[in-house]
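Residue numbering begins at 1 within each chain, and the chains themselves are lettered A, B and C in the order written.
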Amino acid sequence: MEWVNAIVQGVLLGGLYALFAAGLSLIFGVMRLVNIAHGDLIVLAAYIALVVVQATGLHPLASAIIVVPLMAAIGYGMQRLLLNPTIGKDLLSPLLVTFGISVILQNGLLATFTADSRRLAAGPIETASIDILPGLSLGILPLIMFAVSVLLILGLEWIFYRTSLGRAFRATSDDAEIAQLMMLDRRHVFGLAMALSAAVVAIAGIFLAIRTNFDPSSGPARLLFGFEAVIIGGLGNLWGTLAGGIVLGVAQAIGAQISPGWQILAGHLVFFLVLALRPKGLFPRMD
Amino acid sequence: MAEPLLSIRGLKAGYGDFQALFGIDLDLGAGEVLALIGANGAGKSTLLKAIVGLVPCGREMVSLRGEPIGGARPDRIARRGIALVPEGRRLFRSLSVEENLVVGGERAKPGRWTLETVFRLFPILGERRKSLGTALSGGQQQMVAIGRALMANPDIILFDEISLGLAPVVIKDIYAALPAIVATGVSIILVEQDVSRALGVARSFVCLQEGKVSLAGLPSEHARAAITAAYFGMRR
Amino acid sequence: MSASFSIERSTATSRIAAAAALVVLVCLAAAPWWAGRANVRLLGEIYSFIALASLWNLLAGYTGLVSVGQQAYVGFGGYALFALAMFLGVHPLLAILFAGVLGALIAIPSAPLLFRLQGAYFAIGTWVLAEVFRLGFAQVSALGGGSGSSLTASVVTGIATSRDLREILVYWTALVLALAALAFVILLLRSRMGLALTALRDSEIASESLGIDIWRSKLFVYVAVAGLTSMTGAFIFLQKLRISPDAAFSVNDWTAYVIFIAVIGGIGTIEGPIVGTILFFLLREALSDLGTAYLLILGAVAILVMLKAPKGLWGILAEKTGLSLVPIRRRVTFQDQ
């Protein structure tokens, strides 16, 4: 039962990893940009949530009404100001600019909030759980987070495939030059893509802050988890990304059962295993 | 004479260090169909790309209704009513036929062209509206590209290599649709390898050779031999 | 009128530069006799960063393999040195060489996996690899596990019994490493493969027509760079005498700084990493008291350079003056007869 429990926890954790991955996958899909600062943005959102909760007394989950629009605005500004000037030239420039942003975010947070690790208290809901089987109980909070993650991915799918904005994203991704002739200003389209990614990041950051301790250097690990979920699941497929997150979460949970030092390592090894055996991911997009 | 709809004066343009156009003059009147002819590498595509803003050029070099628009952002120029049917179709490959059409029109001013009227012009597209654009035959893809341009309800449509790489029977279908488009009063610049076919549709023509205008006017004004000479750059 | 022409790679400037470099080199080699102990150590550190930055620059600036995970090989080299010297009794300086061979060997299976990642995802993949190494070495209790270990006194005295001689040998090792890395980069870029890779960077079609197998060339460069990076890592931790997983596989120390150096010096130039390293150490000596603000400044400067002067300091200088101290290109000179 101990193992079943670990696996179930891993599945629930996978939802959060899918959320880390969704924002990363979205901007790669639209503009082939890999944002190295993605994890640091998640941590930035966590700190913003912390400040909002302290200042307003809102429940951490309710802080989203402030954190989400704020992060979206930060994402839009970052794209227009720092990333758009580098897009389309080569691979190197945008990548290195996001690397610079990552260094700035980490040290900016360190200077503002110190290296002490923090956590958002979510109140009695943290300990609430339901018993599924004898010896197997599910926390209400992890369940809510998992459900929200699935809903968000559903929402992103809907935006991507059913709305005018999604068509603009896909058209720009397919052929950025011709998309401009469809009256699309690509700098704005890219800005919106980053804003949407940052909005998802905001939710991920709030969840991270409630679920675990975090400090200014927590970002890179979140970037790697999100990235691994994307690759395990297969590029360009958000449901695959959810599955990838779950595979990663379960791998980590099983690793942790073996030895605490093996938790993260097991996830990385499964990632390399998938890369070796199924380079296109477990659920590649059907074209 | 009334002011031309589109007026090009002394247009110079190119790619980086490579200059492709050396001072082009050209006028396009409202409702006019103009054939732009010339050998490969004469600069026809570059001229169309400069008009829609995909290749940079000086502000005063291109005017629309007397207003300079040269070198403006492509999305701004598109908003002013110029559409391009690009060489090689260049459909959005992850969009369905219907989505390709919708994306062409959803930010434009409403007009006579809608999904229904495009599907009436090209019925096959209505049947295959849910297919991916790239799953279609070359001719059908060209219809989508034309429909996508029409959906913007533009005043000017630029056709780049409208029949390149298409089977003769398909070319006939595409050309059969042109009169219906011309009848709506839209102005057209037609880039076409098949000179006689182009001159059959156009009222006037411009021939480019090595980035310069080598001959221009009405097809009836010039002997066929003179046009051929201008096309190939032969001295007479 | 007929014209004869000759094809030359060297220019007058490059010949003067070569002569000047030789003088500088002799002075640097003699540093233990004219510089203080601390300065000699600092020079050794500078050489290791010149090597790391030149190698990263070869990967990212010429081969298009943008890695943010080179700390994998720095740390691996360091641990290999510790293991070889402490468990097998290999002479530490010889162990540096073996560490390079081992680093290259471990890169051979890693590279094909990482190359499967599309475009910029390759960069993050290299980081995951570095994390695997970090977490893996933290599990090895013989090497001190998570808290790391120190080189035993017997290993240290094994380099040379007198302290002065030991320090001179270690210092010269660093100088030779930096020179070897630079020589490798220059020779590779002048080779047929190097020309093909530069062509690939500039135009994909051009290099395909050169008929060079790009995948194999990339593999060769990745593996060779991994080996040399491992050797540099082995040296770094021989000088530090202490290793731990967090220090060995630090993304800040071995990748962020190195990228900063290459960016401000000039990515895609030979001279850039050298200029960048000197600038970086000047900045560090001047600003390191600022703590986190110092890193904020580094990040901001790097972004600013990427946006406003992507060719870096040396790129600007070379463009303005046409200067090229280490010529890669051949020039054609016509002489009218």
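Everything below uses one rule, namely that a contact is a pair of C-beta atoms (placed from the backbone, for glycine too) under 8 Å apart; a residue touches a chain by one contact, two chains touch by 3 or more.
All values derive from a computational prediction rather than experimental measurement.
Colleague: Check every other chain and keep only those touching both chain A and chain C; list them.
Modeller: Chains in contact with chain A as well as chain C: not a single one.
Colleague: Measuring from the mean of all protein Cα atoms shown, which chain centre lies nearest?
Modeller: Of all chains shown, the one whose C-alpha centre lies nearest the global C-alpha mean is A.
Colleague: Suppose chain centres are the mean of their C-alpha atoms. Which chain sits farthest from chain A?
Modeller: Relative to chain A, the chain whose C-alpha centre sits farthest away is B.
Colleague: Once you find the CA centre of chain A and the CA centre of chain C, what distance in Å lies between them?
Modeller: 33
Colleague: Nearest whole angstrom, what separates the Cα centre of chain A from the Cα centre of chain B?
Modeller: For chain A versus chain B, the centre distance works out to 44 Å.
Colleague: Taking each chain's centre as the mean position of its Cα atoms, how many Å separate chain B from chain C?
Modeller: 53
Colleague: Quick check: what residues of chain A touch more than one other chain, meaning two or more?
Modeller: Counting only residues that touch two or more other chains, chain A contributes none.
Colleague: Across the complex, what residues on chain B touch chain A?
Modeller: By the definition above, chain B touches chain A via 52-54, 73-75, 78-79, 83-84, 86, 90, 92-95, 99, 102-104, 106-108, 148, 152.
Colleague: So in the complex, which bits of chain A are touching chain B?
Modeller: It comes out as residues 164, 167-168, 170-171, 173-175, 177-186.
Colleague: Please output the residues of chain A touching chain C within their complex, sorted ascending.
Modeller: On the chain A side, the touching residues are 28, 32-34, 36, 82, 85-86, 89, 91-97, 99-104, 106-108, 110-111, 220, 223-224, 227-228, 230-231, 235, 261-262, 264-265, 268-269, 271-272, 275-276, 279.
Colleague: Using the touch definition up top, name the residues of chain C that touch chain A in the complex.
Modeller: 60-61, 64, 66, 68, 113, 116-121, 123-125, 127-129, 131-132, 135-136, 138-139, 146, 251-252, 256, 259, 263, 267, 292-293, 295-296, 298-300, 302-303, 306-307, 310
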